[in-house]
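Here's the structure, in structure tokens; my notes come after.
Chain naming follows the written order as A, B, C and D, and within any one chain the residues start at number 1.
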Amino acid sequence: MVNASLTSDEIAEHSSAKSCWVIIHGKAYDVTEFLSEHPGGSKIILKYAGKDATEEFDPIHPPDTLDKYLDRSKHMGEVDMSTVTTEVRAADPFETERQEYIKSRPPLEQCYNLLDFEAVAKRVMKKTAWAYYSSGADDEITLRDNHSAFHRIWFRPKVLVDVEKIDMSTTMLGTKTSIPFYVTATALGKLGHSEGEVVLTKAAHNHNVIQMIPTLASCSFDEICDAKSGNQIQWLQLYVNKNRDITKNIVQHAEKRGCKALFITVDAPQLGRREKDMRSKFEDNGTSVQSNSGESVDRSQGAARAISSFIDPSLSWKDIPWFKSITNMKIVLKGVQRVEDVIKACEAGVDGVVLSNHGGRQLDTAPSGIEILAATMPILKERGIQNKLEIYIDGGVRRASDIVKALCLGATGVGIGRPFLYAMSAYGQPGVERAMQLLKDEMEMNMRLIGAPTIADLNDTMVDARGVALHSTPIKDTLSISAYDPLVAPAFRSKL
Amino acid sequence: MVNASLTSDEIAEHSSAKSCWVIIHGKAYDVTEFLSEHPGGSKIILKYAGKDATEEFDPIHPPDTLDKYLDRSKHMGEVDMSTVTTEVRAADPFETERQEYIKSRPPLEQCYNLLDFEAVAKRVMKKTAWAYYSSGADDEITLRDNHSAFHRIWFRPKVLVDVEKIDMSTTMLGTKTSIPFYVTATALGKLGHSEGEVVLTKAAHNHNVIQMIPTLASCSFDEICDAKSGNQIQWLQLYVNKNRDITKNIVQHAEKRGCKALFITVDAPQLGRREKDMRSKFEDNGTSVQSNSGESVDRSQGAARAISSFIDPSLSWKDIPWFKSITNMKIVLKGVQRVEDVIKACEAGVDGVVLSNHGGRQLDTAPSGIEILAATMPILKERGIQNKLEIYIDGGVRRASDIVKALCLGATGVGIGRPFLYAMSAYGQPGVERAMQLLKDEMEMNMRLIGAPTIADLNDTMVDARGVALHSTPIKDTLSISAYDPLVAPAFRSKL
Amino acid sequence: MVNASLTSDEIAEHSSAKSCWVIIHGKAYDVTEFLSEHPGGSKIILKYAGKDATEEFDPIHPPDTLDKYLDRSKHMGEVDMSTVTTEVRAADPFETERQEYIKSRPPLEQCYNLLDFEAVAKRVMKKTAWAYYSSGADDEITLRDNHSAFHRIWFRPKVLVDVEKIDMSTTMLGTKTSIPFYVTATALGKLGHSEGEVVLTKAAHNHNVIQMIPTLASCSFDEICDAKSGNQIQWLQLYVNKNRDITKNIVQHAEKRGCKALFITVDAPQLGRREKDMRSKFEDNGTSVQSNSGESVDRSQGAARAISSFIDPSLSWKDIPWFKSITNMKIVLKGVQRVEDVIKACEAGVDGVVLSNHGGRQLDTAPSGIEILAATMPILKERGIQNKLEIYIDGGVRRASDIVKALCLGATGVGIGRPFLYAMSAYGQPGVERAMQLLKDEMEMNMRLIGAPTIADLNDTMVDARGVALHSTPIKDTLSISAYDPLVAPAFRSKL
Amino acid sequence: MVNASLTSDEIAEHSSAKSCWVIIHGKAYDVTEFLSEHPGGSKIILKYAGKDATEEFDPIHPPDTLDKYLDRSKHMGEVDMSTVTTEVRAADPFETERQEYIKSRPPLEQCYNLLDFEAVAKRVMKKTAWAYYSSGADDEITLRDNHSAFHRIWFRPKVLVDVEKIDMSTTMLGTKTSIPFYVTATALGKLGHSEGEVVLTKAAHNHNVIQMIPTLASCSFDEICDAKSGNQIQWLQLYVNKNRDITKNIVQHAEKRGCKALFITVDAPQLGRREKDMRSKFEDNGTSVQSNSGESVDRSQGAARAISSFIDPSLSWKDIPWFKSITNMKIVLKGVQRVEDVIKACEAGVDGVVLSNHGGRQLDTAPSGIEILAATMPILKERGIQNKLEIYIDGGVRRASDIVKALCLGATGVGIGRPFLYAMSAYGQPGVERAMQLLKDEMEMNMRLIGAPTIADLNDTMVDARGVALHSTPIKDTLSISAYDPLVAPAFRSKL
């Protein structure tokens, strides 16, 4: 049943769990039956039952979401938007301050390193968007250790090497690229920028950098593919759906669209608890304490939990051959965290692994990728299998010196995620490009200063990684510490 | 001699050490002879000599105390309470602020982890109650290291394990339980909640969690037993009285009431000095400094000292066979702190040990239970005796990841104490239940993320505990640091 | 030449380096020739040339100083003090605040540990006195590490030991004493208390504790001997004078007065630079910067430098036999800092050594006594010479648990200095006695909790000292940190 | 073409990249063709196109710069300075505050150690000058670790050594000197003092200390040579120019002027990124963010980048024989950072190396010189080549105890740079001399306290350097921490 033109009052009649309609981009949808299936929980939808949900919907759903997941029969038709009045919200002092910060944003040229973008983004992003991007699991110890781990690795530079010409290009999974990092997959790009992930695509093109397309992008997969130019290379990051037909379609469609590698996420059978994100989403509706007696954990747990249902927790080593059977793309396991599993990956015949803890968003006190790398390579070398697959790391990379350290320790390349999101959120595409250029400038300088004119010259005698497992970094990293937003206890309702 | 109805004036005549009467719940008691025996010292009683002491008495004595410890002849009879005027106390700014905090308490759903309850409890608890619960020995180094020790142990997660179904149930001392933690014994529950330990009993029942009943509960033992439902399991924590007949009665009564295990506290031949607690209790009565010349340490040392006399400091390994002779309950030694004593415990034939430093309340710079565990298990395995007894730890557990680490290192389960007291003090039974539910949610997530569908799948290859003995934890645990109440120097009488 | 009664005007004529008279306790002295010999430099005397210097003189010189070191012919006679007008000083805001602090001093019973006395003393002591007592060499790293070193040693307590009766008495250098610590020698006691070191003597007597008499006491040696009672034991600390006859007299006089042991200070061939002390003494007299061009370091370097000349920097191992030849007292070398020198001390046949860095006042980044002890004992044991001499340590001891750790590691006893000075400065003799009582209370508790009923039961299996040389103490010692007075940069003349 | 007397208006006609004239010291220069060659980039010159650039020019160019690098034909002649009006700048609150600080500068005698000069300099130096001197690479971790590394090395002092006479003189590269440190080369001395490097020359003479003359001095090389007196020793620090004829001229001229050693900088094929310096130079000219899209990194990168082009990045081991062929001066490689390169230096037959990371200004997380030294000497000794060349270190030296540690570990001497710049900037020559005197006083004291009457007595048993590679320094160095100026994020344009 499709109405020609619905009014606000007609929609408002469907404002309960029994009959729940919402308006998205001027169209009404009956989501009553979908409530229980919604990955983000029903509560968040019910908040908009009978109302316009576009503003909330947009940044966290690709435009093709409703077509894909809601049966045509539930598309209730056009709404006469002149009948819909916008709710006037109470002035939010945080939002007022944020608008001031946006107006007084530092000139882009003042950003001298990747942490500078984070400092700007913290002020100019919406509170919930910042919380979603910046949060990590539990006490955010892994989140922070990912960065500080690099400071526990010290250089052993060579001098008097001819470093006039520096060539930082390399080959990753068979593709030549300008510098050994790639834009790794991160979800919900539109939280930071209205155009979403395509901003990263365009910047990556201009810098000849590989982009990994996230399953949980705000843009649709095709939008991101369409945004690429020339011979630009993209990879696909995959959350494996319980329904393998859906997975197969995603994978084969990506291959058809030219993706060169498939990164299967293996560290997220369930999404981690990110309390900063949960807290940013919480709205105090005056519920009395008593009514919570015995109730299970509240489901309105921020954006992080809002994307958890489409991931199959039963995914196992047994599934790998099937992936090899459905695609010719290179296959890489993203999120491997122990040398035993790197060896298993070798045996399973995949093309690579990403040593990663998912940006500190999953299991807190999991070690950083760079620490796992330092522990892993000596064992692979001992077994003579260090060249059987390519090893990548991600997490905490903020300087080209971090990239150099990873390569010295045996990585083929590194993934960088949040810094580009922050640069995009603060300055759009010019921000992302400046971030990439800064990394190139730093990389050229670092390769000169360490005495390695090409990537092939980097080796493990150039670093002292003995301290990486000691977890002691006494020299304070002042930029990173001031950019970090500490966890806080629950707020009392009225401040004293 | 029992008076029918005494007046305030009659009681007031007995207001010295020579004749000391107090009113408790409308009845008068002659405690003159008891003064010297009072575990909390005579001073605290003499403060109420000739007056109503009910308010001070209640939270730290079970209701059956006077019947048990004061001869009938000293029960002087009913008091006509209309003759007793309540002392009007000067307004206490701390107390006024506390009342404001209670009114503006955060919604329970805002507590996302166990440390959040502590942050709320710190504001809404009475100053002395908070000091009693939160304090530790000396400089509180062990108190804090108990928690941070877990952050020195890093995970080595397995990926691509089918973790769709998670079973976190286990068996502790022969009893099946829903999750491998128990509510450990903590004293004086009524300091935090007017109903005391039975609140924990009820919450434990709803979550199928085992409760250990403390010797020094504010509720009587029978009240706590009476509060249990269905097949709910309780254990008994025992401070051994010098008078072994009393001890025997306690033990055999507990067994009769259904307790399944006896945890003999072995780390408290004397109660530790807890200066935060002492300071909170101090009242400046204008004593001149000179009069203290040569005097020994003041006895009004806070609630901690108030419970110390009923514990036999001569308890030794020689006493263990006797305990085995008087009960069929499982016997566990609580407070073992070195591998040599775990081996002795094996030889003594007990059923288990708790590696514990008494929540950091006894000997400062004693190591944490988890550190002792990591040092102990390899030695037990070397000797092939790791299965001769069950090993528990307590102290500092705040996350399910802490529980997982303990189990990976060989523990059967962990005890959690203060967090439930804080949850109870801040939110009553719903608070305790939410705390338990949060641990279950975290546990399920952690087991998925570490790749262990059942408790049996947890093993020592899943953790890197090399750093636990290094005592270096550079990533700040911001929640715990902000919840911690630092020790302070004595206050000058008038602030400048 | 001695005048019957001098006037202020007559004295004032001798106010230059050419003729310099000062008034001390109503008498005039001609110190012209002594100027160049004054251990504290001539500048400090010239400041009082022609004036009354009593107030400055008193706290840093024993009453017999002038008789001992200034020839009779320079004693110029009585001054008619009615002719001397007291200089009116400008109100010093620090001093005004200090007087307020003195009035509002916390009750003595509020001091629960030795650091509490330090916190009080910091507020109630004169600025220069506090600076002299509290300062250390250079960056005060050793000063602070002395204390924190103990926190890097962890206990391994035994349980189920009968600890009903605790005997903490022991024998040090042949003398039975109530507890294994002694009051170590510290200079200039009258800076903290008008009566000086005899306050410590009296308190030591009441607690049956041994006192070491300092060479640089504010009281005369005989005053301190005279203050002892009964069988009270005293030792002598000795700075060796270049003039060995003087040294011989001091030593033999001490033996005659009953001293039982001679502690020869070997770590102070020159007194260390203590910048906090220097800064506290500095008075800006408006000297222009230019005039300092090329001038060597200013000599008015605070109290620390004021006592440096009477120490022979050529003292060496060759001198030890001579000491043995002039006295029958036990001989102990105070300030040994490496195992090689402990072995030399064995070979030299002395009775003991004190592993000490002089309270962090000499060579900064010298290790703490407890760290040296942990490194030394295994080597002595390997050579089988661990019982050839007694080993003491001092520096940083603030808790009885520190004493226990030292004894477990092989020390016979420990010296405690500053804490008693602070207790004396803040509360006089009652303060010192309370400090001693607190240590006894803590000691009894610690011995119970570690499972050692007697001193002989303490051994090296009861501590884990592996971390002491790692210099990592992440758990903040909040009391000590707040009591510490950090070094500061030079102050600009007018604050902006 | 040379004008007799130009007017301001005539110069102003050449104010673009097409025709760019500037006035320096009353003379006009046509720098149009030079714009692209300017090491500091064209932007900084164009800012002054058609204007008087003297004030900006002076502190960063030696007076002979224009004669050396600009063809005579571009010297356009005298300017009638009466026609040139000085631009009035807006009042800068930082500058106003600075003038206040200069007026209230602490008396020189109040500076008790080298860090004190830094604290004063931070307040009295121009913002950009301070930023240039104090900045380091990237996160300034190496910058700070250079200093704190010394605190991870502990002394093992000998006692009872006759230390009456201390001789701290030594021989460095064949020259006798009063103390084993030299004034190392630092660029742009006139940023700190109007007279520049000659101030250091004069102070060095008065203290019989060797000075290393920097290639990038603000004074000309000859000015610095002319300033020396008597037998004063100077060395030359060399940045190697791509044009080897220029290099040869510099080297042979230096030898002719009496320089005794040539220190070839090998750690700066490219100058590091010093963000604090870049930020201090940034001027917000209201550029819109959009216009930066895709643009490469801005070139106005502060003083650090302004001196980078004259250094040949192709310099390699192959060049060493050529240096030996053109000079008889001793040759030392400055900036060696790994033992492998020390061995290569031996093989290349040079006279020495400086283990250095260029004051933390080049590659961040490069280890400190003292750490490299501790790792290097055991390997050289193993190979028996420890005496084949002299080893120096620089970086982070602030105390004579740091010098002692380096010598114990095998260094012949140490270089000190920034501290003398700070002393000079704060107090001129008297400041530098006081700094040198303080080091001598400390050195004498330290040698006494460690038990080493001569430099030859220092050896590796006197230090415990096990911890230097552990990077853990928990005792806070309060002076250094308060003197340190932390990195900051970009500033928002208007503060909220």
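As a convention for this text, a residue touches a chain if its C-beta (ideal position, glycine included) is under 8 Å from a C-beta of that chain, and two chains touch if they have at least 3 such contacts.
For each chain, UniProt lists the protein as follows: A, B, C, D = L-lactate dehydrogenase (cytochrome).
For clarity, every value in this text was computed on a predicted model and none was experimentally measured.
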Shared interface partners, meaning chains that touch subunit A and subunit D:
none
Over half shared numbers or under half: where do the identical copies subunit C and subunit D land at their interface, same or different?
different
For the sequence-identical pair subunit B and subunit C, determine the rotation angle of the Cα superposition and round it to the nearest 5 degrees.
90
Give the label of the chain whose average Cα location is farthest from that of subunit B.
D
Centre to centre, by mean C-alpha position, how many angstrom separate subunit A and subunit B?
43
Chain-centre distance (mean CA atoms) for subunit A and subunit C, in whole Å, is 61
Subunit A: positions in contact with at least two other chains
470, 472-474
Which pairs of chains touch, using the document's own definition
A-B, A-D, B-C, C-D
Subunit D-touching residues of subunit C, taken from the complex the two chains share:
138-141, 144-145, 148, 266-267, 269-270, 272-273, 275, 278-279, 282, 284, 287, 289-290, 292-298, 312-317, 319-320, 333, 335-338, 340-341, 344, 362-367, 469-474, 486-494, 496
Within the complex, subunit B is touched by subunit C residues 97, 100-101, 103-113, 115-116, 119-120, 123, 150-164, 206, 399, 401, 427-430, 433-434, 437-438, 441-442, 444-446, 448-450, 461, 464, 466-467, 470, 472-480, 482-483
